[in-house]
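Note sheet for the following structure.
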Amino acid sequence: MSHRKPYQLVSREWKKENTEFEVNGVIFGKDLVLIAGPCAIENREQIFTISEYLSKLNIRFIRGGAYKPRTSPYSFQGLKTEGLKLIREAADKYQLGVVSEVMSVDKIEELEEYVDILQVGTRNMQNYPLLKALGKSKKPVLLKRGMSSTIEEWLLAAEYIVSSGNERVILCERGIRTFENATRNTLDIAAIPLIKSLSHLPIILDPSQGTGIRDLVSPVSAAAIAAGADGLIIEVHNQPNEALSDGDQSLYLDQLKDLMPTLKQIAHIRNKHFDFENTLSFSPNLS
Amino acid sequence: MSHRKPYQLVSREWKKENTEFEVNGVIFGKDLVLIAGPCAIENREQIFTISEYLSKLNIRFIRGGAYKPRTSPYSFQGLKTEGLKLIREAADKYQLGVVSEVMSVDKIEELEEYVDILQVGTRNMQNYPLLKALGKSKKPVLLKRGMSSTIEEWLLAAEYIVSSGNERVILCERGIRTFENATRNTLDIAAIPLIKSLSHLPIILDPSQGTGIRDLVSPVSAAAIAAGADGLIIEVHNQPNEALSDGDQSLYLDQLKDLMPTLKQIAHIRNKHFDFENTLSFSPNLS
Amino acid sequence: MSHRKPYQLVSREWKKENTEFEVNGVIFGKDLVLIAGPCAIENREQIFTISEYLSKLNIRFIRGGAYKPRTSPYSFQGLKTEGLKLIREAADKYQLGVVSEVMSVDKIEELEEYVDILQVGTRNMQNYPLLKALGKSKKPVLLKRGMSSTIEEWLLAAEYIVSSGNERVILCERGIRTFENATRNTLDIAAIPLIKSLSHLPIILDPSQGTGIRDLVSPVSAAAIAAGADGLIIEVHNQPNEALSDGDQSLYLDQLKDLMPTLKQIAHIRNKHFDFENTLSFSPNLS
Amino acid sequence: MSHRKPYQLVSREWKKENTEFEVNGVIFGKDLVLIAGPCAIENREQIFTISEYLSKLNIRFIRGGAYKPRTSPYSFQGLKTEGLKLIREAADKYQLGVVSEVMSVDKIEELEEYVDILQVGTRNMQNYPLLKALGKSKKPVLLKRGMSSTIEEWLLAAEYIVSSGNERVILCERGIRTFENATRNTLDIAAIPLIKSLSHLPIILDPSQGTGIRDLVSPVSAAAIAAGADGLIIEVHNQPNEALSDGDQSLYLDQLKDLMPTLKQIAHIRNKHFDFENTLSFSPNLS
């Protein structure tokens, strides 16, 4: 790998120290960041129940799709503006930051009004007009890896955003497509330390999309932190069995709580700050 | 594969006979259709030289990118509107149809003004806002397979277009991403008869993107017709070694001419009409 | 691809002209060679019925497994020596050559007694002790591509055999493992002309393993010949629905007959000799 | 995944509790087991230097290939019997167990004389005659995952061994082959908890083959333990830059030492016994 790299601004050669930036009181690139929430925003009760639970766990970010890229045109496509209003209202009540996906240039402005971090999904990692437009945004961008993208293509996609003016890019490993179909995707765990060596940008991991199987989410989350990830984005649902999408890979709320102590211990080993003192003394009886 | 298929309007169950439609005097789904031209529109001399040559071979369609999706933000991104004007002018002079890529919803209107067939590239196969908008277009859509898309996902992408109102969709197999790196992609030759059994839509093949190696283009083109493809989209250039993109996989103009007789013979075996009588008696001395 | 190649004896640089050798009256590397037969030898009636049919089609080789590498230890593992005796007896009666798989060094001697061509299966392509031992055999070796082997690894496997003393190696493309699961494997059609440019060894294609779907076998067979293959190895069965293995991908005998005229026409275009005059005038009423 | 599983004896349904067995004082399936050593046994100095270092780190197993499966017939193929004698002598001096690869049935007896655990390499995972013969061995078998094998095929390969009479099988995840070439293979981290849920057999991970890059070995090793692995097999060399094979992915001896404290901490979180008290107080000045 001694060949000249085709990306510049995102490389460690360009900038030696980690890129760090604060959103809702947490520092990406330094602290351990947890983002959790449902695949899609479905209704008021769902999003408020989950938001309250997250706030009690001291988790600072809720995720939830309002515009959903679905493989079939006949699948639920999201609540759109109505969904954005709901998640913002819930997030404000519980002091959470909001992460939600933007699928096209003409929706950026609306998304910016409601969310704190704009997510680019795996299918849009090489949607270059979208990336360039996000380079003009004042909001940080969570850039998911394309399901069949190489590390180099991924960093070049980030370069599109950064070279257009927005340095606050968070990379997110979410599994790649391989011959193995026992899991939904194959998580590329080595991508975490590899990205850390090649780039100064923060990198988090999505164990839910990455595995597609609820019971694998916790051990894989622990592995990601041990490998040096800056955070996790995890699907949780108050009623996974009734979720409109991705129920099989969503944690029950109590499973998320049970995962916290392990993550805290491993974060400590990796010198990542992770503020869950309150969490451990709290015994939830919500779900 | 007895499970209920998730797509409907594009399926053979929905419509038994082939979808056929005429563009510039050629019937997609019935005739053998050849589309050829450079990866990118570069300048007037290039596009007029190639157009003249194609017309002498009796090829009816020129391809050429004006808006190019490039992996790196620092690569040539296309001549944009200027390129569209050039290719339209050349095409009009030589009675060619034009195929060019559209990368975003806000450019559809401009593309429609200049081209006859709107191409969706491999990176945008699951750009659903784009697919829905193309469903409202009056122009046919050439839908390339995503580089890591399954047959089912590809047909569902076509379903997005058709269910939005545009039945004139041409599928294009262009190779999938695999572990093999001796070729740029791995052409899925079995996809041709498989699509023919699952869907009524026409399917063509791109041997240039599919292999990435000039000398493999001709044998693979012959194979595609033998397997039952409705056509080919081939990269050619008047000066491949000086091409701004994809030179290594572009045929020399004379290589395209040399390929014609073989394609004609195999098309005949497959009962596909292919009008190249003039071609064979013509001895070109252009390049 | 200008880097120095790691293989030598199998390369075109080492030997410019095609390697040609005669087995049972057919010249590999020059003629179009068809090998057909069941996945596994099952019983006397099966193997004699198929052999008679093949001989009437003027096909010169029967395939059939006596030692079967099965993914599960509980699946039918083949008739072993009894199977070899059956296929030899049938082949002798109908003047056929026999192709059968050898799975281990200690069985080579037995196989050599009964068969004309020793097949190395996809799972054993990198079984180096086996390859070296086959380099000492007097029989030609049919070397299937490993299901996840690169072109280079495949040619290096052939180099093991040739460098051990046996030049009569036939390469066989049988599909590679990819994310696509609509077909059993993904046939790498470009491998045919690529191997032809890199190596002097003959190359054939297995459309049955390569697709896993009966109705795709004929169009893919035609494609392989159009791409320049030296032959085909096709699974056929007198009663596919009752086959002990691979029934779904086995042709009915009459489907094989129906494929002959197309193959003959394409072979003619490719200047491959293919002697099926008798075939076409013969109207079979066997199956 | 509710379908009936094709394997039986290796499944959790068959046997609920972990399979545990002791080798050289360590309990596979219960303790955290470390196996380290060079890719190939090269000479006396190398193997004794490494053995001494391992023993000072309280690591109980040395790995080293005497029979090497190499992609090219012209690469170093191992010291064979001479290598086995060397590694046994060194291991005896330093109270280590020996792990070495067996490539063919006819070498099993010789290997059994010198080693404690017989390794089946990735290329031989579906070498069924070899698996069956190992089912008759008195030695435990380390079964590496085939580079393109599914979880199900891997467990079925283990079933071949167990159903032939040998229950002491250790599974080893070593990365699968994907489109990504930034790393040598793509480690399937989710395979660890997935295997744990499907099977009672111990599973370890090979971060060296899995990544092919020295600097990724330590973070990936930590991730494996965090995900629940029963151990690691790591390539180390006293002079990686002069190694006859796999030097780029071999740790320096001091890198192995530096990794110990992190592994110990994570093992503790996962309730895996890992006896390195001596290690940490020892300051090595060997390499």
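So that you can tell them apart, the chains are marked A, B, C and D in the order they are listed, and the count of residues begins at 1 in each.
Please note the rule applied: contacts are C-beta pairs under 8 Å (C-beta built on N, C-alpha and C of every residue); 3 or more make two chains touch, one makes a residue touch a chain.
Keep in mind the model is a prediction, meaning the values are calculated, not measured.
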Name the chain whose C-alpha centroid is most distant from the C-alpha centroid of subunit A.
C
Distance between chain centroids, defined by C-alpha means - subunit A, subunit D (Å)
34
What whole-Å value do you get for the distance between subunit C and subunit D if each is reduced to the mean of its CA atoms?
36
Could you please state the distance in Å, as a whole number, between where the Cα atoms of subunit B are centred and where those of subunit D are centred?
49
Multi-chain contacts only, two chains or more: what residues does subunit B have there?
148, 177-179, 181
What graph shape do the protein chains here make by touch: line, ring, star, complete or other?
complete
Note which residues of subunit C are touching subunit B in the complex, please.
1, 148, 150-152, 176, 178-183, 186-190, 192-194, 197, 210-211, 213, 215-216, 219-220, 222-228, 262, 265-266, 269
Which residues of subunit C touch subunit D in their complex?
6-7, 69-74, 103-106, 123-124, 126-130, 132, 147-148, 153, 156, 159-160, 163-164, 177
Residues on subunit C engaged by subunit A in the complex (per definition of touch):
148, 177-179, 181
